[in-house]
Structure formats: structure tokens, C-alpha cells
Amino acid sequence: MPKTRYMKDIKEGEQVRDLFLVGNKALLTSNAGKPYLSLQLRDRTGQVEGRVWDRAEEIGKRFERDDVVEVSAVAISYQGRIQFKVHDVRREEGGARDLSEYLPVTRKGIDPLWRELQKFVGEVKDGDLKALLSAVFPDPPTTDVAQRFRQAPGGKTMHHDYIGGLLEHTVSVAGICRMLSAHYEGVDADLLLAGAMLHDIGKVHELSYQGAFDYTDEGRLLGHLYMGAEYVDRVCATLPGFPADKTMIVKHMILSHHGELEYGSPKRPKTLEAILLHHVENMDAKATAFTDAIAELREGARWTDYQRMFERYLFSGKPGK
Amino acid sequence: MPKTRYMKDIKEGEQVRDLFLVGNKALLTSNAGKPYLSLQLRDRTGQVEGRVWDRAEEIGKRFERDDVVEVSAVAISYQGRIQFKVHDVRREEGGARDLSEYLPVTRKGIDPLWRELQKFVGEVKDGDLKALLSAVFPDPPTTDVAQRFRQAPGGKTMHHDYIGGLLEHTVSVAGICRMLSAHYEGVDADLLLAGAMLHDIGKVHELSYQGAFDYTDEGRLLGHLYMGAEYVDRVCATLPGFPADKTMIVKHMILSHHGELEYGSPKRPKTLEAILLHHVENMDAKATAFTDAIAELREGARWTDYQRMFERYLFSGKPGK
Amino acid sequence: MPKTRYMKDIKEGEQVRDLFLVGNKALLTSNAGKPYLSLQLRDRTGQVEGRVWDRAEEIGKRFERDDVVEVSAVAISYQGRIQFKVHDVRREEGGARDLSEYLPVTRKGIDPLWRELQKFVGEVKDGDLKALLSAVFPDPPTTDVAQRFRQAPGGKTMHHDYIGGLLEHTVSVAGICRMLSAHYEGVDADLLLAGAMLHDIGKVHELSYQGAFDYTDEGRLLGHLYMGAEYVDRVCATLPGFPADKTMIVKHMILSHHGELEYGSPKRPKTLEAILLHHVENMDAKATAFTDAIAELREGARWTDYQRMFERYLFSGKPGK
Amino acid sequence: MPKTRYMKDIKEGEQVRDLFLVGNKALLTSNAGKPYLSLQLRDRTGQVEGRVWDRAEEIGKRFERDDVVEVSAVAISYQGRIQFKVHDVRREEGGARDLSEYLPVTRKGIDPLWRELQKFVGEVKDGDLKALLSAVFPDPPTTDVAQRFRQAPGGKTMHHDYIGGLLEHTVSVAGICRMLSAHYEGVDADLLLAGAMLHDIGKVHELSYQGAFDYTDEGRLLGHLYMGAEYVDRVCATLPGFPADKTMIVKHMILSHHGELEYGSPKRPKTLEAILLHHVENMDAKATAFTDAIAELREGARWTDYQRMFERYLFSGKPGK
Amino acid sequence: MPKTRYMKDIKEGEQVRDLFLVGNKALLTSNAGKPYLSLQLRDRTGQVEGRVWDRAEEIGKRFERDDVVEVSAVAISYQGRIQFKVHDVRREEGGARDLSEYLPVTRKGIDPLWRELQKFVGEVKDGDLKALLSAVFPDPPTTDVAQRFRQAPGGKTMHHDYIGGLLEHTVSVAGICRMLSAHYEGVDADLLLAGAMLHDIGKVHELSYQGAFDYTDEGRLLGHLYMGAEYVDRVCATLPGFPADKTMIVKHMILSHHGELEYGSPKRPKTLEAILLHHVENMDAKATAFTDAIAELREGARWTDYQRMFERYLFSGKPGK
Amino acid sequence: MPKTRYMKDIKEGEQVRDLFLVGNKALLTSNAGKPYLSLQLRDRTGQVEGRVWDRAEEIGKRFERDDVVEVSAVAISYQGRIQFKVHDVRREEGGARDLSEYLPVTRKGIDPLWRELQKFVGEVKDGDLKALLSAVFPDPPTTDVAQRFRQAPGGKTMHHDYIGGLLEHTVSVAGICRMLSAHYEGVDADLLLAGAMLHDIGKVHELSYQGAFDYTDEGRLLGHLYMGAEYVDRVCATLPGFPADKTMIVKHMILSHHGELEYGSPKRPKTLEAILLHHVENMDAKATAFTDAIAELREGARWTDYQRMFERYLFSGKPGK
């Protein structure tokens, strides 16, 4: 059964029978002492709460969090929001599911972004670095890392928190770095571009994103800076004659790209390329988070809600023309 | 008398009779109880200590710090450095002196930078902002502010600390901002470019640079962020029909460009253009300071001395090709 | 229709028909799926929630937040608090309304405080500063700034958050500063008094206070320190022969009165008068906030709730006599 | 032998034979391999280095740091400063020496300050607090603590670093607190005045001041906040019927007067009187340090050297009249 | 009437008539406008909310917070948790109640811990310190302080927050310190052990624990570091010939054991024993808090909820064997 | 030629001809304009400055920093310290030199410490961890890493800054961790011991110690936390069937052992074993640094000089017995 209706289009009173991802599942008890099931249901356009009032315990055993399910329900309005009064839930069995139906996804398209990334790989002149990048980002993406890299979000909640977000962020950072190589003297353009493309590679195993985005054990215990540098070290070890100094300097860029110890970099940037990468990476995260926050502005508002990432309110106002 | 010999070329044993700037002047007493004059003498290529052993008090009355003087001396070596044993000093009277003979100056040339700045002004489409920029940066530079803007250093010691440094920094920041307007969606390109060009305009009165660079009273008590915003406010008031909102948003960019309260911005950046400007400005200061630090590396060294601006040692190493 | 009943006197079960200010307005949906209107209604003695259950959408269109409205309701008790079950709401049209009926107001009285302020102006001996103060605080208060200055709150939530709060704070700070001029040697009494009276003048445009207190765009983007200094600069420019040094030093006092960069001062206090002003201003804010917190103590309690401004609990206990 | 010449009056070339305090004593070896004695000699008007070139070891055994000695020397000039070429040194034996001859002393006079303090004690109406203050500050000062309190400096280097400095600071703080009791409602005037007078009482044993000011072991290991509170606790225990609550609240004021944990207060101020005391105490330290820094300005300078206490340069400029 | 049923065993639907401690009491009003009583009822195995719907006001007057009461109720399920629908409440009059029935208590047993503590006292060789410890911890515990020391919790919420927690923490810290005396050279074993046993003695009066744990007035205004040092000072004063230096060094250990000013120590540790004590004390608090957090893990979970004390999530995973 | 005289025994006036390590070498010019060579010469007992006045340039070419040289000189006294007036310097050619003759070395002996370490390895019961430890610390130490591990200092200047210092620190930390496994419930003893032994293994390549201790490029760019975790990862990869979870948890302990991000750990400790290791490691560094500082106390002093690592003065006083 293909998916036909999307969250953003469903209206109060509508009968719904469609596929959704289960973001959360909890068995609760009503004031009247009756057990009911509370579900977070989502697709790529939004999410709603669903409540199962009849046969809650039985139905609750049919599926788990992060499953795709077929839901039969009626959409009602509760405290100003749509809620599903759910009649039945059935686990969707079978084939690989298309995450991009159920989770928000980059507006720029995964394939176009991938092609842009490959173009950057093609521009690298240094043979070692080109070999390293080709090993990490083979085209077509035959490795597990490359496939995860195309799908992974850029973060859990802070910025680029959607499927393909990591790829989008990487391509944007690489693009700006390429411009800066022309702008400033003394930049090793290949090195800066390689560092830009590899800086967040550890995120492919830091976050899980089969349903709700969350950190993996490894992500919480080691972090993507360490994981990325270690991964690059391993790949370099497989490349004949890859110079030790070059490995060291690329790993330094990965480890130091958060800029300061208190942001989780065990070493601060100490080369020109590492310093530039840190600034660009940080700026791209902030610019994207700004744009996302503005996109969610309530109608007519010029100030956003309080933004935890920025620790401030943001202003969308532009001077009138 | 024109200047003929420069610091960097003077060798031990050489007889010197040439023009230098007095960076510092102090009357001291030797172990033997005899007064002598210690001078810091500089031109655009370097600086040395000069000592006047005979008639120290009499000669010391002829000139002040920041004067250009004609010095007669012999170059000796003291603790591994050139020092001048000075026979006579004479104050250079007369016409305007050329600061760029006596102080370090931007390697990129003041006139080429100025032309680049004018090109940016020409690209601004918004009529109000173009009028504002034309008033601040008239071409030719007929106002006191514009003339000072072409000469002023970018800072006292931290970065761009040479004649023309402010102009160089401004042009670099504006250039990157122009690239980012094309890179990111939702950027008001005219506003970002205008903010980039105006962000440090308050520095024209924050630093004095007729000799040693130093802060003015106004610079220390009000600071270039305040002074720049107030100056822009005054210029806007002279432009017919300049919208109040536009003034406010440009002033916000100037006031917030240090990014955080603890770096002296009374408000943190809250618009997309202000956020981008802050990041670019900061990155440019760091990249330039990095390049300057590497330029002073001792022969064969790969690590710089401790850099106070970065609070770390910096590494010049590049992976071998 | 004049206002006759006040929030603090209204009891459970009472029929109410009177004027209130609308602090907030929201159209919500009940569990049963029925829309209702939730209003925050306030006068100078307190505030309650009002709910409109019938004709919610129609009635909701008659007025906006910050309007004064005539409300017909019955007072009920809900979760231990008074709530209005509202039958009808009518927008109060016509003439200027008296904010002091609907918003909390300084207990010290606006007119007595204004007279005290004028007395301070009268004591200033320096001709320039007296002219500046007379221009900012004309008596009678014929300018927009002076009129706003008499009404504005001292803050949004932290301290002096009531009509006339800014005036009350200013008079208190000025009074203490006058005492300190006599206490310490070397203080320029006129300068300290002028700085005290002008230090928060930027707040007249930083906060809006026609209903709920809130920040203006300008307040959030520029802040009252900048706005106050710029305003004083403009006024000084209109006073013939006002010395530039004097303007600079007064502006320094305004800009630095928060004491530290991280509290929003772009420069820290560097003159004796600026240092004293900062300490007095800070102490007055804290002492007033303390007194306000104690005034809201629950019966019999000696410890306040957690105070966000102080980041601690406060103690009202006094040693028994 | 009475002292006749003071440091500030001694000129180059003068033969000196007079009494000085030994601030420091070190036996060094010259370039030529000869031992010599380097002394820091001081009286209340200043200090110089003295060097003993002959019989250095023998003469060095006659006296210790902090002794008063009779010095025979000739004043020479070395590196722009007066230095003593010392021929002989003799320890001054006998009776109690007058510290105020050899150490800087409050300009306000110890006896006048003491009388002012006694006047404050006399104004306290609360019987318990008056008994406490009379026990701590008996008049005449018959106890060891009271005698030390009259002599002790207010600090080692930061502020009030002269004999009588503690008394001067205490009287100033108490005077301002008395004014604030009249200014603010809700202040317990007796409590605030008592706290003001007692807040630094622990300093009588925190610093030694028989020569160079220095911390005692107890001062470094326990600190004057703890020592003061413990001392007050002991005194209260000797006063019949002194209420436990009152002891607790006074001790809280002493412990909390540094305002923040990071400044050494184990608890932050939580009563109105403790909050006011903290602000006044801090302001008085800063105002006095400012005045001291300005007093040492070089001729013609408007900016001080870098002030470590303020972490900034200070400005003495006043607007011209 | 003895207690027979414990919270952890009570099931939905069960009729309850047993003794509980009142942790909190509030008279609220239902949606229907009817007053009801909400109680927090607890015993050593857990806590539930109880609601009295009939005669709420009358019943509410019979007892206070922290009383032990006999409750007649039926256990229902509300929002997934057990709640008591209470029919009647009666205050339990008469004899001393056994806190360990109603509050959580150390798993290690108060008596065994006390015996271990006494063993440590017996090991101290230094006569003065042994006398001090015997006076503070007499066996049997005949003093008020010793009796409180056996009962007091180690903290309000952060760590060791159960009856006997202070004793448990003290014994653990002392045990580790004893090991370190053998491990490191140069440690004064008696001093370290004495400091370990006395470091938190001030907590006996910092927290009240007759019902809900809370801070006393003294605890909030003076803190257990001050109170502990002052108490030790008083005890030492009663011991003939106790050396002043020894008192000072023990008090230093107590005052400094939080390690840093910002954690409430007015002085940081400056002796080897104080440094070791600080580290051990801190480690023991963290290790115990970790173990407590893991003990509350939801079934199957490997990560705890966010831990405020650690400002992070904790991981229970062990490598499989 | 074997070494016969040591720095600590050489007296003024003595003729010296012996082997020393060159810590530093600089060609300077005297006041008289004559070049001379300034050398830092050291052996395991101390260091002196040596000056070569004749044939300075020629002699200076014979050797480099970190060489062992034979020095002919006479010991003179300069400014209270021994200095060598050097006649001749000859580079010591030939076989491996014994670093422990020229650099300070652990007082506990490298071999005894190594045996203690091996005993710990022998106690580990978990087969995987035992295999890992045996691979890292083979006995006899046949690998480069194991040999460096026996020699490396624990730090450059802060603590354990002598040959064998890393081994000494590791053994001490492991010993305390073993005790804690018995003290606390729930500790995985094998894991804690393994983490303790491996935590600083990255230091074998972070510091160079063939002469003056200094950081390697890799040490500065990657740091010993990263390098240690990566090294353990590589070793685990060579051990058949080593579980991935176990590798992850050991790497987490290494990466997190500095405890906080701002001390260079990219992740903070999140397991019980990681938390204990962090505290023990920190305590051992502090306790050792304390002991070292006290060992350098000047005769009779009870307070050390200012200790940068502690940011305070330390007290050696013990209560008299």
C-alpha cells in the first residue's frame, strides 16, 4: 500500500487510513482508570499525537517505535491541534522503506548534492588526498559509510536535522572553503577542500536516524570528532604510500573543527586550513539554523521564539525597499 | 632631505645619517651615574634602539615622541641586535610627512584597495544604502573620515596593525560577504555588503597612528562599535528620506559585529546579515593574524612563538606534495 | 463608563461588569472539540484568566491585545484561583485611557518623583550640564521623551517593572549619588548627578508599555545603553558651545553603567563618576528587587521562592528586638 | 636617635644617616664574583634600594627583615632612580617603634577615624548589637583586637594598603550604610550598621603589618571572612542573652560580604542588609583604589598605568568648566 | 498500631489502612469548584499522591506536613501511577517515631557504619586528634550532634539523600583516605583520617530531615563548611592543651574540602591532606550518585535520564564477558 | 669516557672535565661587541649555564642541542649561582647514551615500577583485556611503545616531569584503582585496571625526551588522548575476537579521563569506571605535584612559591606532635 495522504494536508473531521512512522509509543491510564495508547505519528511533512482508546494493550503489542504502520483513524481537534482518534494500527511488513517519506529531508535533493560533492572530489589535484576522498566517497556510493553519508542528518535538533542534512552541510562548507582558497594567499586548496569534505564524516555513526534521530552509544561515548579522525586514519592506512604527515594534518582538521576545547575539540585549530574550516563550519551551522528558525515564524511575526542554539530571539526584518 | 637608507638594510659598523620616526624617548642614567638618552627609532621596515651618550639632556629637548628626526649614528651590535650609537639628532621641520615611509603599510597598496572598495559601492542597488556608502566613502576621498579610513591601521597590535590595515580588512570582509550573498538563500545582498563596508568605520577615530599606534580618549571611553553606529546615524540623518528601519538595521550590524557581549558588542547579532558579518569579520581577523605570525617564523621553524591573540602556538607545516 | 471594581477585591461568585486591559488573547479548542476564548485580563491590582465559552469566535474579533474592554462575567474558582466565566466583551472606544488604572504603578507617585527630579536639576551648577538636563527633562514635561520618561517602567520583569518605575529608579540613584559626592573626595558632583539622571534615558524607547511590557524592535537590536548615549549626543549637538569632552564623558557614563562587557556595556567604567554610578545603579536595582520579592512572600514564610534575578532564595528574617 | 630625613626629600649626592625599616634583605654576588648585600629600605614616604659593597656578609648578620636600622650611606642615581650606596648598618634596639614613621598611614588620621567609629557605636539602639560592638571596639581600645583594628591595613596591595586602612575603610562603609538606612524602606538600621562595622574584623589577624604587609598562615588557610564570623560568634557567646538568630544574621553578613562564591564568600547575601553591605563594601574598595591610582599619575598624564584590580586603564579626565 | 504495608507492595484496587509520613499537604479546588486535599504520602519504600475528596477542609486541619498519619484509602491507578483515594486521615500521636520506617535509609545499616567509624577513631595515634574525634563521636553516641550525625542524610537531593547517608559517606571517605596514607609518602595519616571524619560534620545542622529533607535557616545562611569548622573550633577549645596550629589545619581541611571557591569553599586546599580529602570526597559523592542513578534505570535501558548533578546522561553498559 | 662528576656536587673554583647534555645553545654578542656562546648544560642532578668566550663560533658548530658533550671548564659564581667558564667542548660520539645519566629520573626505579605493572597485568581475569594489556606491555618490553613507555616523562613541566614519570604515574593510578574496585560495589575491576594502565599510553608519542622535554608535532596537533585511543583501537584490531563494545568502552575511558571538555576530553566520563579513573588520575597528578613542590621549598620556609598548576601557594606545615 503506497502512502497517499500527508500530515500537513489532513483536516479536522477527516477519515484517515495511511502509513506513518511511529516516533514514540506509551501505554497510559485515563482519569477514568482505563488504559489507552498514546502514539507519536509522523511523516516527512509533520507529526501528530494519536490515541488508541479501545483494545489499547492488544494493539500496542503489534509494533514498536520506529516501525512504519498503517493507521485507521479520524482527525479531531484537541487544544487547538489536530489529534488522531485511532481505530486500528497494523504493522507494515516487507521491503525496505523509503525514509524520505517519513522523515524531513533536505530541500536541495540528495542526488544533486551528491553530484556537487563528486565535482569537488574531481577538483582535488593532490593525488593522495584525491585517493582518500575517492575511498571515502566512492561514486556510485557502494560502501556502507557512503550510503549512510547520503542519508544522515546533520544533527539531532540543532541544525540540518533532516535526512540528507549532513550531505547538505558538507557540500555548503566545501563550497565556501573553495572560494576562500582563492580569496586568501597561502592556503593549501586541496587540503582545505579535503578537510571540509571529511570534517563531519564521523557523524555517519554518531546518529541513528531510522526513526526519531538519536545518538548511538558510540556517538555518546566517543563522539563524531574522534570517530571521524579514526576512520580517516584507517582509510589512509589502506592507501599505498599515503604520507604520515598528511594523515596527521587531516586528522588535526577533523579533531579541531569545533574550534575550542569547551565545544568538544580535544585540540584547537593550529593551521591556517584548520582555522578557516572551523570558522566556515560554524558559520554554516548558524546561517542554516537561522534560516530554519525564520521558516517557522508565525504569520506576521518578525521575531522568532527563543532559539536555544543562539540563546536569543532572532529577527526576520529586512529594510523595506 | 629625502630618506635613503632603511632599517632592514643597515649593517653592523655602518655610519648612518638619515630620517627616522621617534617611537619612544627616555632619559636614563648609566651604572656609572651618567645620564643618557634611549630612543626607539623606526621606519616602515623595522625599528632599533638608539642611545645618545653625550649631551643627552640637551639633545633630548630638541624633539618629542612621534617626531621625524635626522639621526647621525654608527650601527653597533648589542646582545645580538643592531643598536645605534647616536652622535646627533635634529628635528625634521617642514611639510607634511609621508607616514608610509615610517610606519608599516599594507602590502596590497592603498589605492588598489580603495578602487576595489569603490567597485563594491557601485554594485549596491538599494538607493538608500548606495547614498549612505557614497557619503561615507566619497571618491575622491574629500572628507576627513574618508582620508583617515584610507590610512588607519586595523588594530593596535592584534591584526592588520599597519597603515591601510583598516581598508585592507574592510575590502576583504566585503569581498567574502559578496560571495556569501550568492551562496546562501535569503540574504539581502545590499544590506550585507553595506554592513561589511561600514562595520569598522568607528576605527578611524578610535586609534591614533601618527607615530606609535595608540587608542584615543574617545576610543577607550566609547569604542569603535559605538562610534561607528553613531557616525552612521548622523550621516543617515543628512540623507533625505532615509528610512528609520534601515538605519536601525545597519546600526545593529555595526554594534553586534563582535558577536558576543564579552567581546564588546552591546547586542548580539539577531539578523541573518548581522550573523554572517560577524563570522566573516572574525574569520578575516584570524586568517590575517595567522598569515602575519607565519611570516615572522624563524628560519627553519614550523611552530610560531606563543600567539597571544590565539592563546596558542601555530603550525606552518603543509603536507609535502 | 468609569472603572469601579478592582481585581484584588473580586470574590468567588460575584457578578462582574467592569473595564479591564487585555494582556493576552487566544482562541483554543476544548476536549469536546468546541472553540473557546482564553483572555488574560488585568488592572493595576492584579490579573485573572477569563474564558468565553459562547460565541467565542465572534466575540474574539471585537478587540485586540492591549485594548481596554468592558467585560461581563461571573467570578468562579478554578484550581484554587479566581477565574472569569465571561458572557460578553465590548471594546472601550474613545479618549486617552489612564494607563495607571490598568497597569501597576509606582507607589511613590509620579508627580512627587518628578518634583524631586526637578530639584536635582536645579542643584546642578555646571551651566552645560544644567542646560542638557533641562533639555531632556523640561518642566512641565512638554517633550515626548519627557512624557514617556514619566510613564516608562524600569524593566520588563526584573526590577521596577511598573508604570513610573524608570522615574522612581532614576530619582533613587540620583539621590544616592548626591550623597556620595559629599562622602568621597575628588568627585565631580555635577557630572555624577547628570550621569545618574541620564543613565537609563534610552529606556523610554527600549520598552513598550501600553499593555504588557515588552521590548521594542529598537530595544532588542540596539539596546538602551546605545540609544541613551546617542540621544544625549543629539541633544548636546543642539546646545550652543557644549564642549565635546563633556559629551564624551557623559556618554561614557551611560555606555558603561552596566559595569562589565558581559552585562552589555561595550566599555567598562573608567572614570570615578562612572564607577560610582555603576555601583549605585546596580545596588538600587537589587535593593528594589529584594523589597518587591519580600512583598510577595506567602503568609508566614521567611524564605522567598527562587529569585531568577538573584539566582537564589532570599530571606526576610530580621533579628527579633 | 629620632628619625630626621624622609625618603621623599633625599636627593642625589646627599650623605644619609638615619632610621629606616628593612623591607627585604638578600646577599647577592656581583659580576666580579664579589658578594654584596641588597636591601629594601623604607619609611612612610617611600622606599629605595640600598647596596652594601664592603663587609656585606658581616653587616648582613646584624639585622633581619622588618627590623628598624640606622643606615649610613650616600644617595646615588642608578637607572634614573635614587639608590643608597651603604657604608654601615646598625640595628636600632630598644622600645616600641612607631610603625607610622616607617609605613604609609591613612591620611585621615587614626584618632579621628576611631572617634567617628565610636559615634556610630553610640547611635545603635538595639541593646544586643550595641553590646556586641562595645565588646569588639572598647573605647579606649584596651583589647588586642581593638588595638590591631586601629593599625591594620585594609589589604596587602589592592586597596587601603596602609596603616589604618582597615579602620578608614570600615568607617567609610559604615557611613554610607547609615545613609542608605534612611534612603530605603525596610532596612534594619542597627543591623546594617553593625554588619558594616564588623564585616572586615577578621582582617586584624589575616594580615601581618610589622614591616612589609603579608598574609598570616591563618589568613591564607582560613581567610578573614571565616575568622571574622568565628570571632563574632565567640564574642556573642560571652554576652548574656544574646539571641542565636541575631548572631546567625550578623555572621551571615560577614560571610557573604564578598557577594559571590568565586570571590570567597561561602554563601551569597540573602538578606536586604547583607545585599546592601556587599554593594557598599565593594564600591568603597573600588572608589578608594581609583583615587589612589589617580594620585600616582605621572605629571600631565590623563590615563593611569594598567590597574590589575580593575583589569583596565583608568581615566582622570574631568570635563573642563 | 505498627506499620504493616509498604508503598512498594501496594497494588491497584487494594484497600489500605496504614501509617505514612506526610511529605506535603495542599488544599486545592477541582474543576467543579469543589475543594479537595492533595497529600504526598511516603514511607521508606516510596511515595504516592493521596486525594481526600470529602470533608477535605475538616480533615486537613488534623495534621501537618512531616506528621505520621494513619490513612484509610483505596489504591487506584491515575495516569499510569498508583494514587490513593483517601477516606480518612488520623494523626498518629505519641512516642518517638522511627524515621527509618518512613524515609529511605542507608542500605549499609547505621550500626555497622557507626562501628566502622569507631574503629577509625581507635586507629588514630595522635593524642589531640583522638581526643577531638572522641568528643565529636562519643561511643555510645550520647551527644545531640553524634545522634544527629547517625541519622542525617548526606544531601538534600544530590547524593547520599537518605537517612544515614552522612554517616555512610563519611565512613567511605575515611576508608579511602586511610588507604591513601599508605599509598603516598609524606601524608600525615592521623590528620588525613581526622579531616575525613570531620569534613561534613556541619551537615548535622545544615539539613532538617524529620520529613522531607530541607535546608535549615542556618544551613542556607552559613552553610555546612562554616558550621563544621566553627563547631570543631568550639570542641577543640574544650580540650586541654589542644595546639592552635592543629585546630587551624583541621579547620582548613573542612573549609577547603569543596576544592574551589565557586563550589563554596572560602579557601582552596593548600596542604597535602586537604588536597587528598577534597579529591576523595568529590569522587565518593560522584561514585555514589552514579550508582544511585543506575539503580533507577528503567528495565532494559543502558542510558539513564539526564542527571543534573553530572549535567549529562550516564551509561550502565559493561563489556560482555 | 664515563661520567664522573655531577652538577649538584660541583663547587665554585673547581676545574671540570666531564660529560653533560646540551639543553640549549645560543650565539650571543657581549656589550663589547664580541660573540660568545651560551649553553644550558645538564645532567640528572641539575643544570648550569656555560659560556664560551673564545672561539665561540667555531666551537658552536661542533654540536647541537640535545647532544651529549665533553666540557672543559672552570666553575665560577655569577649572581649567586654556579656558572661554567668553558674552555672547550667536544661532541661525545658513539653508542647509545644512557638518558638516565643526563635527565632527572623517577626515584622509584624503572625496573621495580615495571614489575609492579606486570603484576597488575597478571591480575586481570578478563581474557580480552589481559590480551590487550599483554600486547601493549609485553614483558620483556620488546616493542618500541613499551620501551618508550618505560622512559617517557609524565609531562613537560606540570607533574611527573622526569624519565620514568609516565610509568610511575601509571602504576600509582592503577594501584589506587585496584583498591577502589574492592571499596565500591558495581565496579568492573578488570575494566578499571585496564583503563588505568592504558589511560596515558598516548604520551609515549606526545612528548620527546631525548634532551629537554618537549611536545612532538603529533602531540600538539592530536594530543595524547586521541593518540592513545587510536593506538588501543589498532591493537584491539589485531586481537582475534576482541569485542567491539569492549574496545569502545576502553577508548571512552582514555578519551574522557581529563574529566571535562575544557581540559581536553572530547567526551566527559559516562561510566562508573571512567568516572573513577578520572578522579584518581587527577588526584595522583595533584598529589605528586604537591610533593614535588614541597621538595623544592627553601630552607625554613613553610609556604612554596606560587604554583602555576594549582594557581596558589601551598603549605607544608604539619601540626606538631
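Just so it is clear, A, B, C, D, E and F label the chains in written order, and each chain counts residues from 1 on its own.
We take it that contacts are C-beta pairs under 8 Å (C-beta built on N, C-alpha and C of every residue); 3 or more make two chains touch, one makes a residue touch a chain.
Source: prediction; values computed, not measured.
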#### Entry: Any chain in contact with subunit C as well as subunit E
A, D
### Query
If you walk touching chains, what's the least steps from subunit A to subunit E?
1
### Task
In contact with subunit D and with subunit E at once: which chains are those? Just list them.
C, F
### Summary
Check: interface with higher C-beta contact count, C-D vs B-C, is C-D
### Message
What's the rotation angle, in degrees and to the nearest 5, for a C-alpha fit of subunit B onto subunit F?
### Response
120
### Summary
Equivalent interface to C-E (more than half of contact pairs same by residue no.) among A-E, D-E or A-F is A-E
### Message
Quick check: how many Å separate the C-alpha centres of subunit A and subunit D?
### Response
62
#### Entry: Whole-Å gap between the CA centroids of subunit B and subunit D
44
#### Entry: Euclidean distance of C-alpha centroids - subunit C vs subunit F, Å
62
### Task
Would you pick out the residues of subunit D that each touch at least 2 other chains?
217, 220-221, 249, 270, 313, 315, 317
#### Entry: Full enumeration of touching chain pairs
A-B, A-C, A-E, A-F, B-C, B-D, B-F, C-D, C-E, D-E, D-F, E-F
### Query
Which residues of subunit A touch subunit E in the complex?
27-29, 31, 33, 217, 220-221
### Message
Per the contact definition, I'd like the list of subunit D residues that touch subunit B in the complex.
### Response
76-80, 302-303, 313, 315, 317
### Task
State the interface residues of subunit C toward subunit B in the complex, per the touch definition above.
217-218, 220-223, 225-226, 229-230, 233, 248-249, 251-252, 255, 261-267, 270
#### Entry: Complex contacts: residues of subunit A adjacent to subunit B
126, 128, 172, 175-176, 179-180, 183-186, 188, 191, 243, 245-246, 249, 268, 270-272, 275-276, 279-280, 282-283, 286-287, 290-291, 294, 310, 312-321
